[in-house]
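Labels for the chains are A, B, C and D, by order of writing; each one numbers its residues from 1.
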């Protein structure tokens, strides 16, 4: 057993590539659990951050600073009555949330959290992710149609139109990133790991490559991915003030929570694509400027440090808790939480752990940045109208994406091009 | 900033401005939430809340002289006062006093009408009850204020 | 200004067209059950041009129909519906004369002076809740 | 218009009740296996329980895809028979009820009613009372516009302005609470003046609010005014031309946004509005964006009025000499004021007794809501929400 673990740890490929089914299964479990936990954390963070942007406090009662609120919500949702409307198409109604959740989770098969930290590495990784996440539309249409109600129907129609149109712009942005992998290193790849390695080899994140081309492609993707996941300001399919709750109006309890899970899962998934394609995936910041063993060491200490900071924040919270009996349990809970964070930080100081985990840390940190953006947008922007949304998609992002692809290709092959031109002129 | 409108549009100045506002408000000190049962709101002197029937603090006698003005002034006619003349002091004293809190809209007309400052709307605002029955206050409840309700199952 | 109900519509039209009372503020009615013509229908008009307000009043009997002012001022639509709802005064030529504030199946017209509030309340409670009214 | 076309855009159930049970249902052509999914036109029942109908408004929309072909408002869910209640109460007793009509701007309601009754008595409130009334009603106008701005932005999808607006509105409500003891349904004025003297520090509170409010209102503008999404969602939506406005009887900021410079505070000054220097902001296009700008400007003008009134607050009595038992002379009177939502009129008929013979309220929201159908035809569902928001209706006032 120990031997198996050791053999795995020393290996340099993902379990999928190695054909190691045991480890692949473990990874899948880890990913599913991890994503679920991340969704819980996201739920709490979104509420807190949004609340503070709106000069509120957000959840404060369940657990210290509302830390247990998502858990309480999950319990509530699971114990709620499960309603299937009378006129609904039962089978489709039942299967829609399953489809949505499955597609959201399946995409994570190819997400590389680190060099070896992925379930598998496919040579068509990006396409796989795009394809699977597009399947989510199917679930949404199923949900809207089978509910046999007006609001879900309108919501799902909006959703499908929106996802389909933004997928094209998204595709162009991705193509330009993929093009970049084929330049200089010479071998283009669609593998997620391959793309990150290409960025490593070229010693630049693709967002900075051929400035502003990489940045433009990234911006297109960043806008399209918000639309793709139906989040504000593109949250028309579930526009609360217009369509009540859009395609999941008729859902309740566990089924509703599956939609919720899928939404956040999809957000994480598209953010992972963005991170992988443009922000260097698991690579630490500034690999080219701040290179050298000392900097490597410094950056590998960052995960532990950030955990210490979090622990410090929660200990500060402990100190600032009101000193009244009602809060004793909460204060103790927060203290425990802070200590736990500190302990994790300590573990991360251990060199063996440190080296293996820092990839994941950088990846998660970058994804977290995107998650913050999602919340920030939601707190700030009004909602687009349907036709305006389509206009942005088709008239702005699509031509821009097309242009970026063409210019990237031209710039990428400019040396050869010059050679050819010189040949012609001669 | 003296950017041309086109540039402003391209660089999303309008959106960034909004983002800046929301970002700056994230400071915990900006939050205005009151955590109610722990933090009590400030209630000002003229607040019209739970009605109270004042008693003379020295003698413990009700200040009410059963003039019935409050009952007449009440738009909802929810005050019923019955009294009889005390043979000893020659004062009219209330015998039964009811105040139906469930119909009260706290307009304050009764307290304004009261000629002896007996009826008063106080600063107490926690009046919710689990049943309608407890909402009809009698004289004792009006004089002492009702028991604070513990909102728990 | 009190006008006869027969020429009321004509007067209103002239007010609108000749006197520039272009804004119909309100249409309402008052019920005097003891009078021979128990209803006053009151049109409150305003002229932006002269900054003047005028009340046109017409007396009608129960069941008499007035010509609708919707063709003069579109705003009369809901106001007349409300008068119909509350007083039972019907307007000829109104595009959609039906109850507006009260439910469709309501009995009686509540702002008439002879309208029994308590009776309605009792009936409603008995029919819908199956209990005696507490009022 | 025959019956079937008239009810064509009602839901089958509504049409059924309209026509009376048992009548053959023309709409019920669908056989059992068919649902509304097979129809080309969609009948969408928006409300009475819907996040953005501001209460219990029910709008029946006939849609072609997302395009609105027609609407019908069903109102009355909040009908409390205020006008009937008035006939059974004395003049003084009815005063608190008017606060419950437009509960967002309760002070304005009270002002209109008190003034109408004072007009019946042919009397006026003393100077000091008038100034206090002006300060409070202008504060109330700001509060009402803030609620409007918050909920309107929420309808269009911007969550955050609501909280900023409510935070600032809180300051106004605190002034109300300090002044008259209630925050929402204030019952602040009495017939003949005010009953409460301004509390210590009233002037200072008002001034502090004015100083704090202006930068805050800039902040709302930073979030919305130039935001391209906001502009896209509001510009050119729900256009009302001035002549349409007048024909439909629309008043208040909606009318002013169409370019008609008409404000009862200037046109027929009541209270002491003559003494104050302020402008009437007007729009040009009469669309939702203009209405937004007009209301924001109106808040600033209100701040201007408050500042002048606080500075010029005269001393003197606050109640006019009127009898304790109010028995106005026989007669009828119509008086209207510029409430935050438009012209709020009271038509009071007195028969000489202590109780009004008839009180008619001319609610601005009710009349303004009539314009909804004209404004949203040919627009999208999302615009319906924006237009309902921009009309600034309060269902308590629509249904009374």
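In this section, a contact is a pair of C-beta atoms (placed from the backbone, for glycine too) under 8 Å apart; a residue touches a chain by one contact, two chains touch by 3 or more.
Note that the coordinates shown come from a computational prediction; the quantities given were computed from them, not determined experimentally.
Colleague: So which chains count as neighbours of both subunit C and subunit D?
Modeller: none
Colleague: If you take the mean of the Cα atoms for each chain, which one ends up farthest from subunit D?
Modeller: A
Colleague: Taking the mean of each chain's Cα atoms, which chain ends up nearest the overall Cα mean?
Modeller: Going by the distance between chain centres and the overall C-alpha centre, it is D.
Colleague: Between A-B and A-D, which chain pair is linked by the larger number of C-beta contacts?
Modeller: Between A-D and A-B, contacts are more numerous in A-D.
Colleague: Between subunit A and subunit B, what distance separates the C-alpha centroids? Give it in angstrom.
Modeller: Chain centroid spacing, subunit A to subunit B, equals 49 Å.
Colleague: Give, as an integer number of Å, the spacing between the C-alpha centres of subunit C and subunit B.
Modeller: The separation of the two C-alpha centroids amounts to 39 Å.
Colleague: Please tell me the distance, in whole Å, between the geometric centres of subunit A and subunit D computed from their C-alpha atoms.
Modeller: That gives a centre separation of 45 Å.
Colleague: Could you give the separation in Å between the centres of subunit B and subunit D, each centre being the mean of its C-alpha atoms?
Modeller: Centre separation, subunit B to subunit D: 26 Å.
Colleague: By the touch rule stated above, which residues of subunit B touch at least two different other chains?
Modeller: Residues 15, 18, 21-22, 32 of subunit B touch two or more partner chains.
Colleague: Show the residues in subunit D shared as contacts by 2 or more other chains, in ascending order.
Modeller: Each of 160, 167, 223-224, 227, 229 in subunit D touches at least two other chains.
Colleague: Where in subunit C do residues touch two or more of the other chains?
Modeller: As it turns out, subunit C has no residue touching two or more other chains.
Colleague: For the protein chains shown, what form does their contact graph take: line, ring, star, complete or other?
Modeller: other
Colleague: Can you list every touching chain pair?
Modeller: The complete list of chain pairs in contact reads A-B, A-D, B-D, C-D.
Colleague: Could you list, by residue number, the parts of subunit D that touch subunit C in their complex?
Modeller: 1, 6, 17-18, 75-76, 79, 81, 83-84, 87, 246-250, 260, 262, 267-268, 332, 334, 336, 343, 345, 347, 349, 357-358, 360, 362, 366-367, 369-370, 399-400
Colleague: Can you name the residues of subunit D that touch subunit A in the complex?
Modeller: Contacts found on subunit D: 35-37, 42-45, 50-52, 66, 153-160, 162-164, 167, 223-224, 227, 229-230, 232-233, 380-383, 385.
Colleague: Under the definition above, what is the set of subunit A residues touching subunit B in their complex?
Modeller: Touch residues, subunit A against subunit B: 49, 51-57, 60, 322, 324, 326, 376, 379-381.
Colleague: Within their complex, state which residues of subunit B touch subunit D.
Modeller: Counting only subunit B, the residues touching subunit D are 9, 13-15, 17-18, 20-22, 32, 43-48, 73-75, 105-109, 112, 121.
Colleague: List the residues on subunit B that touch subunit A in their complex, please.
Modeller: 15, 18-19, 21-23, 25-28, 30-33, 35, 38
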